Every structure is written in C-alpha cells, then in structure tokens.
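One structure, as structure tokens, below. Some questions next.
To keep things simple, chains are lettered A, B, C and D as they appear, and every chain counts its residues starting from 1.
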Amino acid sequence: MIDAVLAVFYLLVFPGFVFLGVYALLCEWIDRKAYARMQHRIGPPWFQPLADLIKLLAKEDVIPKNAERSLFQYAPPVALAAAAAPIINIPIWGTQALYSFQGDLLVILYMLSIPTLALFIIGWASGSIYPLVGSMRAVTMLFSYEVPMILACLSAGILSGSWSTSDITAHMATHPLEMLVLIPGFVVALFALQAKLERTPFDIPHAETEIVGGTLTECSGKKLAVMRLTGDILMLVGATLFAAIFLGGFVLQNGSFIFSGYDVTPLTNFGFYLIKTLLIVFILATIKTLFARLRIDQMVNFSWKYLALAGVFQLFIALGFVSGVKGVA
Amino acid sequence: MKSTQIKTLIEKNLPWAVVEVSRERRIMVYTPFGNLLATLQFLCDQGVTHVSTITGVDKIQDNKFELLYHLYWEQNEITVRVEVDRDKPIVPTVSTLLPGAVVYEREIQDMFGICVTDIPDRRRLLLFDEWPEGEYPLRKDYEVKANVTDIRGI
Amino acid sequence: MGRAGILLPVLWKHLIKKPFTVLYPSEKLTLPEGYRGILVHDKDACIGCGICAKFCSAEAIELVDDREQKPLGNGKIRKNVPVFFLERCMRCGQCVESCPKNAIKLQKKVGLVAYQKEDMTVE
Amino acid sequence: MPKVRIPVGPQHPAFKEPMRVDLTVDGELVVEADVIISYTHRGIEKAAETRSYVKDLYLVERVCGICSHSHTTCFCQAVEEILDIEVPPRALYLRSLVGELERIQSHLLWVGVAGHELGWDTLLMYSWRDRERVMDMLELISGNRMNYAMNTIGGVRRDIEEEQLHDLKNGLSFLKERANYYIHLFTEEESFLKRTKGVGYLPTTLAKRLCAVGPTVRASNVKMDVRADDPYAAYAELEFDVITTNTCDVWGRTYVKIMEILQSIRICNQILDDLPAGELRVKAPVKIPEGEAVSRYEAPRGELIYYVKSNGTDKPERVKIRTPTLANWLVTVEMLKGVYIADVPIVVDAIDPCIACCARMLSCNATTTPVTSVDLTALRQSRRNEQVME
C-alpha cells in the first residue's frame, strides 16, 4: 500500500507533474529573461509565464468551423502527457532513475517526438491553410533532426555499454573523463533539441512573420495553454535527458558528502541537476538570440549535411574509444 | 545634357511641340492630343525609360482635363502636357512605350474617370471595391458628402 | 562564406550591461530645451484677434465670446477669446509663431492624459 | 502539388500596414504574385485643395510617419519656385541636415524591420536602440521626435545654437561607429547571408523598364539619386557619393541602405562644420500668384515628386503627390516570382514599403455602409446641437 501512495506521489508531485510544471515555467522565464537581457532589454518579471498560462486558461476556447472536432480537442492533452512521461526514466538526483529498465533511452526519445506528431495533427485538423503549411513543415523538420539526435544519444549508450539512462549516468559518474569524448554529440543534441522545440533558427513551422501562427494559429484558450506548457516541459525534459547523459560526470557517489552526520549527496546531486539544466537552457537561449531563422530547405540540408555527419562522426569516436582504449586497458 | 540643348533637340524633331524651360532642369513640352504617342515615342528613342508619374489636372472652367507625363532623362525632368476634353476623356495607354506607367494610369482612372484604352490592368488601384461607380473624387465637381449622421459612435 | 554566430561576444557583454529601456512612468524622461509639449495660454496678454484660430491646421482652436469683457489698451473691449482643444492639438507650434502678442507657449511637458474632455480644453 | 493560392492578407504580422499580396504557390515556390494596396486611402490630395498653404504644410507632413520632413521640404520647394523667392542659405543647410538625419533614422528603422522579418529579433532590438540616438538629436533640433515641422514656406522655423552642435557631433560619431558595426555584421553573419543572398532578384534592365526608384534600383546598379542628379536645398555645395551595388538582390538593398547611412553622416558633418550665418526665413505672402511647379526630393525610400498648381487664391488648385513606394510596386511583383514562401515578407519588405505614403483617400470599412467622409466643422456642430438638446 505504502509504495502505491509513494508511486502516486512520485508520479504527481515530485519528479512528476507539479515539479515539472513549476520548473518548466521557471525555465521559460530564465529563457525569456536571458533572451531579453542579451538584447539589452529588461525582460519579463519572474511570474510572467505563470500569468500567461492562467490568462490562456481563462480565455475562450474557439474551435474553427471546418476543423475535425475530436482530433483537434484531444491532441493537446496527448502531447502534454507524452512530454511529461519520460521524466520517470531519467535520473534526477544521483544515478538511479525512479524506474529504469534496459532500453529506456529509446523509449524516452520516442516519447519526446510524440508532441511533434501531435502538433502535426493539430495543424492538419484545424482545417485552415496556415496551420496546414505549418504542420507539413513541422513533419519535414522532424525527419531531419531526429536522426542526429538519436545518433548522439546512442554514442553515449555505446560508451557505457547499456541502453538504460541510469546505467549511462552511473558509468559516466565513475569515469568522468569520458564526457570529453561525448562533446561533439552534446553539441549535435543541443541543436537537435532547438529544432525539436521549434525555436529560432529552426522555428519555421510557426514562423510568425511568414505564415501567421503556423501550426498553433487556430488554437486558443485551454488548448494553446496546454501546447505552450508542453513546449516548456519538452524543453525541460530534453535538458534533463542531456544533462543526465552528456554531463553525467558531475554526479557524486552516494555517501561521499557527509554533512553533520546526514548523507547529503542526493541534495547536492539535485543542486548539480538544477545547475546543469539551467546551463543547458541558457545555451538554448543564446542559440535563439544568435541566429536568424533558416528556411525549411536550408534547415533540412543543414541538419543532413552537418548535424547527421557530426552524429556519425561521434558514433565512430565512441566505437573507436570503446574497442581501442577499453579493449587494451 | 543642358536643358537648352534638349529644348533645341525637341523643337527640331517635333514641329508640333511647344517647348518651354521654366527653370534649370525643368522642361515643359505642350503637345496636341493627337501627337501624344508620337512625342513619347521620340523621347523613348532618345533613351527615356523612367516615367516619374502622370498628373491629372481638372481644368473645369474651360471644360478640359490636362495630363502631365513627368519623364526623367539625363538629369532633366521633361513634362509632356496634353489636354483632353472633359466630356469624352479617352486617352491611349503609354504602357507599351513605358511599362512603368501602368500604376499611374490606373490611378488616373480611379481619380478622374479618364478612360485609358487597352490598359493591361483595368482594376482599381487606390479606391476600394465598394466605391460607387461614376464618382471620381479628384474632379472639381465632386462635392465631399458630409452626412454626419451615418458615422457610428459619435 | 561568412562565419556563423559572430554576435556571441556582444550578446554576453550585454548581459552585464544596464538595460537600455527607460521605464517611463517611474523614471523621468529627459526632454530637450525647445521641446514642443503641452500648450499653455496667457489669457491677459491675449487680445482676442483670432489669428491663431485662422492658422491652426488641426482646427483645435475656437473663438468664444469673452465673458470678462477685458478692456484693451485703445478703448475697445475684447469681444472673443480663443479656447484650445488639446485632444485635437498636434503641437505643431504654428499658433505660437503667428500670435502677435506671444500669448501662447508650448511648455516642456509631456503626458497629456485626462479622464474628462473638460480637462483637455485650455481657456 | 497543385497550385495553391495563398492570400498574405491585409492583416498580417509581416506587414505593419494593410496591404495584400496574393501568391499562387507551387509547393514552396511562388509562381505568381499580385499586390493590392487599396485599403486605407486618406484623400490628402483632395484635402490639400480645400486648405490654405500654411495648413497644407502640416497636412502634407502627415502623409508618411517616417519621412515627414521629405514631404514638407518637397512641398515648400514647389511653392517657393512658384513664388520665385530666394531662400536664405542657412535655411537650405538646415533643411538638408534634418533631411539627412531623417534618412539615417528611416534606414535604421528598416534594418530593424528587416531583421524582424528574417526572425532575427536581436538585430531589431539593437538597431532600434541606436535609432533612439538619432531621434534624440532630431528632438534637440526640432522639438519633436517625429513630424519635425522644421519647414515653412520661405525657410526654416528653428535654429541650432552653438552648444547644441557639440551634442550633434557626438551623436554622429556614435552613429558612424554603429553603422560600421552593422556593415561588419551584414557582410559576415552566415545566417543573414543565407537568407538574403540571391533572394528577390531584380535585373538592371527590368528595374529601369519598370521605373523603380531609390535603394531598390540603386542595388540593381542603376545610378539614380535626386540629390546628385537634380540637386536641391544645399546638396549642390556638399560632396557625397551615390552608393550602388550590382548584386541586385535583398542583400544588395541592405548594403546600399547601410552605406547610405554612412554617407548621410558624412553630409551632416559637412553641414555642421560650415553652416553659413544669416537669417532663417524670408516673408512669404499668404496668397500665392498663379503658377505651377514640379519639385523632386530624394526621400529615404526613393524619388518623391510634388506638382503644385496655384490659382492666385490662398488655396492650391492641385497638389499631386507621388511617393516612392507607389513606384516600386510593379518591381515588387516581379521580384516575388520564383521566391520561397518563407522569403515573401523579406522580399516585399526590401523596398521598405510605406503604405501610408501611397494610399491617400479616406474610406470607411468596406462592407455595406455607403461612402461617408466627415468634415471637422460639421462634426463639431453636430456635437454642439447634441449638447444643446441635453
């Protein structure tokens, strides 16, 4: 009985929905504030994302006349669930996730791409021309950034010889030097995450100056609130995943930090986790400020020409490292 | 090229044209309605490509519309002036010689009701679609209707 | 071929700089000397000639019968006085220029906000 | 993919003002394009005929929000030509100074808007922050950030004191340094080059044939600048060079505009250095004798034409205004062919369209209501008899 209550607590409160929602809004605020400060502006107050969410929830929820009602209404909750679910398999404090099994890395990657499919369904189901063009672009982008992202994550798996995120982090914690091997993979993953979240320079599907609102033009009220929250949670979960895999080295072993008698390492690890994710969010904000938006064809050949090649290159390094150095040692 | 040189050039080749240099780099060429295209053809052969604009003037007292074709050539603004009588304002299009003039011819059609024959683009340029037919705002006899009661929110 | 992302050093430099935006209501704006702000009318100097109303392009000035019947220097009585509708005034300064008695001035003040229309008319 | 017709409608975040571009699109490429601008027409030419010359000055200043000084200078030059009066040299110099500062401010505004169209909002924030400096300088000279009301028929209304020269000089050096930084940015930044090189191609012959004007035509290697060809105000005594490039694309237009900022700064410095002494204006009569005049001006967007015809009364008989944006529409349609949908906003925006300029007739909403336009005095009478009734 106890672990049932504990499971509900885990699911709903701590690493589950409440923590995710609050921390996602905090990440959005930091992203917007850094974006503004880098542009020499003041930027929003800390409660702005929360205020936006509440305002949107209160707004009227309009469904266009020639939209498929059921698809249009139920796609956003599916996207939110798919975005929030993987947090259980990713280790947050320490090297052991809530529930880990062999191959949960692939499950996480699959779950993270469901929101993009949901976006496609929303755009296609809303029946007007701008979301249609936007959703087509979202899917064409999906094919181009998914491959480099998987390549980058797999090379981390190869290094630690297992498909479970917890084992990868545990391996990284014990051999921190191997993080240097994964640096190209980390860069590729960050660009792929920027494309997945459809942020400049890859925000082609909802390019505000070209096709008005893009896929989310027809969403309003609760649906728009849910989709924006999905975007934030997706950023947070993506950042957590890369923090666990690529920056796994900054995790202390249990019991290595006794403070006045208590074993404080989970707290310090949680502190490291916060710092790692905020660092990733800051890097994403810098990328957003730095570049102009790419066209869809430029984006596709950029990701195939540079990202995918870097991913394959990272794969060879990992293989070489595993068979070469480890084989000899 | 100096304005006076252009003046002598035009007067030599176009006997029907009355040329007058109002100030440095401003040349007025008065031509009868019949020879409008001939004049423009001659100027285009000389190398004029840029038409700055076409101005319509409603000379209601002597029942005439006056059209001024402002052309730009060699640092000089040449204005070819033609008069059309007000009851039957039909003007041949010049877009065959100067393709850029289409926009200004459409504006004259909107504003003065001067019908430009075989203009490539007959649609309205500046007035919106529900503007009543037959009312041309820039004519002198168009009185601005001020029925105030119809404005909401007063 | 240019290099991508050459703005990077500038971006991070701005992180530590003070933001450029001036929070207007709380921080005051620094207006230059000859700023054409809100109109002010010196009623005593005015002789009610109506030149300002004639030249006002926005037709924001209207001549009204002078209740005070102020005697002018040369024995005559001032018949009418201008009333300025500030919500229509575009602060072009033509009345300031054409007023023979320099009775109208554009002061160095911004913030023309009022709840009633009456506050917007200057006697 | 079947040909799809996408209206990039009057209300669209890419265009700040109501205009419509109808695109027929094959996949992602634009095959046909048509520009429709008849949404807000304010009737300034008709209104100009019912007002006196002094009132017309402020009416004409409101044709365009960004290049207001161009319109008043052009109008004053036409009237002064009819009157045949000699404007004092100091006034001519001051007119050119405010004209060049307005060109800098207009080009910096355009750099920001172009950055926003390309999704590069950082450029928008930086260029509009630098633009504040020019606006402050203009506020120092003319007392207002926009609608400077510097001109009057026969000269200029305000003067520059000695201590203001110092601030203006600092402002110009700051702008020079910022303009050089933008040139470095536009020639180096890869993501910007990718989106502007080779986009919206306009060959030289087509630009000449369709009578385009301003930076659009100068970027297609046509050397046409009213300041150099038909010098007005003080441009005869100032040296500057006309910037042209032969890249004929959006990048070329950006480059021309930025280099023109440098030229404007150079002109302003010359003006501030040898500003001739003398009074500011000459007395102009209220009633203008019979006559007519054509005056041309190099507005930030291109060649601006005014034709004023007077009939001896204090109201002009005819005021014809042709703004540069109107001349660039035919060229825009040509440039849009063969462009990606994603590039439509930046191509349309490359000519720096100012819809307010080229639409000058009052029209209500386009639904059922019959045409009504209101005269201010009639409006006031209606309200007064309402008050009387209460």
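As a working rule, contacts are C-beta pairs under 8 Å (C-beta built on N, C-alpha and C of every residue); 3 or more make two chains touch, one makes a residue touch a chain.
In this text, all values refer to a predicted model and were calculated from it rather than measured experimentally.
Novice: Which neighbours does subunit A have in common with subunit D?
Specialist: For subunit A paired with subunit D, the chains in contact with each are C, in label order.
Novice: By CA centroids, point me to the most central chain in this structure.
Specialist: That would be D.
Novice: Count the C-beta pairs in contact for C-D and for B-D, then report the pair with the higher count.
Specialist: Here the pair linked by more C-beta pairs in contact is B-D.
Novice: Compute the distance, rounded to whole Å, between the mean C-alpha positions of subunit B and subunit C.
Specialist: 42
Novice: Could you tell me the distance, in whole angstrom, between the mean C-alpha positions of subunit A and subunit B?
Specialist: 63
Novice: What whole-Å value do you get for the distance between subunit B and subunit D if each is reduced to the mean of its CA atoms?
Specialist: Here subunit B and subunit D have centroids separated by 23 Å.
Novice: Find every residue in subunit A that makes contact with two or more other chains and list them.
Specialist: 38-41, 289-291
Novice: Counting only residues that touch at least 2 other chains, which ones in subunit D make the list?
Specialist: Counting only residues that touch two or more other chains, subunit D contributes 122, 129, 189, 191-192.
Novice: Which residues belonging to subunit C are in contact with no fewer than two other chains?
Specialist: Residues 4-5, 7, 11, 20 of subunit C each touch two or more of the other chains.
Novice: For each chain, which other chains does it touch, given as pairs?
Specialist: Every touching chain pair, ordered by label, is A-C, A-D, B-D, C-D.
Novice: So in the complex, which bits of subunit A are touching subunit D?
Specialist: 38-41, 129, 133, 200-201, 203-204, 207-212, 289-298
Novice: Under the definition above, what is the set of subunit C residues touching subunit A in their complex?
Specialist: Contact set of subunit C toward subunit A: 4-5, 7-8, 11-12, 14-15, 17, 19-21, 23.
Novice: Enumerate the contact residues on subunit D facing subunit A in the complex.
Specialist: 4, 6, 12-14, 28, 115-123, 125-126, 129, 189, 191-192, 194-195, 340-345
Novice: Which of the residues in subunit B come into contact with subunit D in the complex?
Specialist: Those in contact with subunit D are residues 22-23, 25-26, 49-53, 55-58, 68, 70, 72, 75, 77, 79, 98-104, 107, 111, 124-132, 135, 137-138, 142, 144-151, 154.
Novice: Mind listing the subunit D positions that touch subunit C in their complex?
Specialist: 51, 54-55, 57-59, 122, 129, 132, 136, 139-140, 143-144, 147, 149, 152, 157-158, 184-185, 187-193, 376-377, 380
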